[in-house]
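Just dropping this structure here.
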């Protein structure tokens, strides 16, 4: 009995061994199906919905082809100003995160000893274990007029920025920092120490080494990190509604269009804005050649 | 350019409504012309199901878990055996999404939502003969545009109240009597003004304009033609400069007033009741206010219609209605309920004339609610677009 | 006499609880080809890194041409390094790699390109300037690394196992090139290697490192012919070590002695050299240029013998196993390792 099963099993593996293409097909079917369904179909559905219309009273989506949603999104001043604000915030968050992540990652990868290094990696990862909402609401408390931030800066004559764009930038920078540190840290790990020694040996002072050797080599990792912080910020609407005061970002427009206006097509059209921006960003990055090294 | 764009989409929306109305009319056999497609209401009730799922404003379905002394769900469960599951929503728009996703038997809907639920065929007409406590409900709450269609009730009135003006007594002095503190005088509290985060808040501006700019000729804050809407939008855009944050989540407003982030703005009585710092006060300003008159409705695809009817009857009973409306801070739906409350005076319960002063939330539609036929009014989708533009 | 190129005094380096360099005193003359030889972990590379400035010594001083540079940063030291893994910058072209040092010194674009091109031609890579390092072979990368380090015309060039990654043929070729380069530049080369043959063939002087200390310092001939310790005797080349009872029996003197395998001759019967010991052939290993024969001496020692035998028939080697032989050597070939009395015939 068991002999037969084992023979059968052997013959199956032997069969698969001889038929490499079939083996590959079996291996890839599930992930490819997933990729196709989740990424392509979902994106395509979104794209298509943007060209439909909605019954404004009942909120029913009707399949009636129109460019109105796209036109609205492209021409309405609210979309233009909110897009500008969102991109501005995303760029600012990305720059802040990169500026913070570079020294932290450098310290982790090249300065700290093995034990400290492990502790730092855990410290960077720990905030990821906490809920997004908990972190965002923590910042709401920290930045409130009588919060920790005000308490810290009041002795030196500062005050809390209150709820608004600065608070949003602070909160989002905090939220996405681990996503920027980790790829840069991984990228630095791949830079051999001998390159830094060599640069120094050839007469480069530390800052020069960072500029001429470390940063160019880290460029793909920095780009990878920036894609995280940039695209996550572009799509965010929760942080700004918690600490952003009266401001709204693209995500809020999408959310209002779905939640308040029940206008899924318009929401889909609005959602195309961040997608388009990310595409432009990736294309720009691609032109610099950074993606070749990824 | 922008305006032109709105007009075009407005026209399109009007067209859309007309076509849907035509469609529903065709598909409806016996119901009213604007009614849902589900036909006549139930004639009789069967046995109670095991559970009932309720979608409501916060504070409407209290089972003692927030405050052990506040519990009107447990007696209902004991009486009927229907286990209650409650879900709270923050805005009428959120409730509409949730209702569309299905899974709820009963919904407590404000006037800016009810007609959308009816038009979307998400709720069913209600046979009030099966609800003994309906009889006690104030007459001035029955057969209103936001709870009935062509005389056919779509639910049971619950309670009503006004969107009040809340202020921080340390900062806003003397005590305000007008909405001007959040509009023309908002600069005095710049960065600490708050407002309700929903397109329906445009009606608050319209109420203010009714008193301060009579030349606009606003008769009903939910029936605004394009000029009137533009005036309201301008007012709100000016207000926007001084808004600290908008609130859609009542917990967020509680925290904002407690921490001093907001010092003046619209609120509900229940928020004032929840604030523990003691330095806030609420007032119904002289211009009047928008408000709500909520209706308990039954989902058209309710899985537990018998429990749903039982809940509608129960929550209209004097004792339960008194408990629920007192907790939320609104007037009850019947004079009998006032016997279980000692604060009916404060809410002007039963005062039909006062009740008329509150502009209950209604869904703005193209067909002007104030009866004008010479112009087309702006509908909710235009309000939504306007609201997004105001927030900027 | 001018100051030595490098002067190390009491140099110590500890990494945590590990002592990598344990008190090194060393002077390296100008223009010298100096090798630091030792097994891995012997501290030779650490000494090199201390000289380059990549590490700070725990104690001791480092002088370059009489100037104390102990706490000078690497970029301010007039030495350059060729790294074991070459450490070429992957994001720069070959020419840019070579010009890097000139660039950070602020030399103009045209001039540094000119100098870098010359340096590349000097290592026979004239046409490779536009390539990326990843497009080069190991030997070519090695030469780029050399060009990059020498284009700055340092007074001292540090080479950290630069030939370790190359195959034998290329290594031998590069050894020759290195030697020629050192002669033509006339600068001090400090060469770290674990390959004793490389050290012996290239160097003017060799320091043998063991356990963070210099075990022996001298010319290649001194190191090879006159090892002063058992470690040097066995690490540099192969040595038979005669000690204890075996030494007493064979030599009549108690002590420890090293005896190079090529100094021993084998014969069927004694031929009259200073010493003779009989034994049985245990193993014969054919080496091409000769053969290595392991003899089990009756005295209880296994002796390695190297025979340069030209034109012998390899097939007959196996037949030698088990044959009785007499191993003979001269007293002057014995090296006393424990400062013992010289052997008297």
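Miscellaneous remarks
Letters are used for the chains, namely A, B and C, taken in the order the chains are written, and counting of residues starts over at 1 for each.
Here is the rule we go by: a contact is a pair of C-beta atoms (placed from the backbone, for glycine too) under 8 Å apart; a residue touches a chain by one contact, two chains touch by 3 or more.
Keep in mind that this is a model prediction, so the values were computed, not measured.
Taken pairwise by the contact criterion, the protein chains link up end to end in a single open path, with no chain closing the loop. Measuring from the average of all protein CA coordinates, the nearest chain centre is that of A.
In this assembly, the chain whose C-alpha centre lies farthest from subunit A is C. Annotation: 90 Å between the Cα-based centres of subunit B and subunit C. With centres defined as mean CA coordinates, subunit B is found 38 Å away from subunit A.
Remark: subunit A and subunit C have CA centroids separated by 53 Å (rounded to whole angstrom). Along subunit A, no residue makes contact with two or more other chains. Partner subunit A is touched in their complex by these residues of subunit C: 49, 52-54, 73-75, 79-81, 83-85, 87-91, 100-101, 103-105, 148-149, 152. Contact residues of subunit B toward subunit A in the complex are 1-2, 5, 8-9, 12-13, 16-17, 20, 91, 93-94, 96-97, 100, 115-116, 119-121, 191, 198-199, 240, 243-246, 248, 252, 255, 259-261, 363, 365, 379-381, 384-385, 387-389, 391-392. By the touch criterion given at the top, residues 53-60, 62, 66, 68, 71-72, 75-78, 81-82, 140, 144-147, 162-163, 241-242, 244-248, 252-253, 256-263 of subunit A touch subunit B in their complex. Contact residues on subunit A toward subunit C in their complex (touch as defined above): 192, 194-195, 197-205, 208, 212-213, 216-217.
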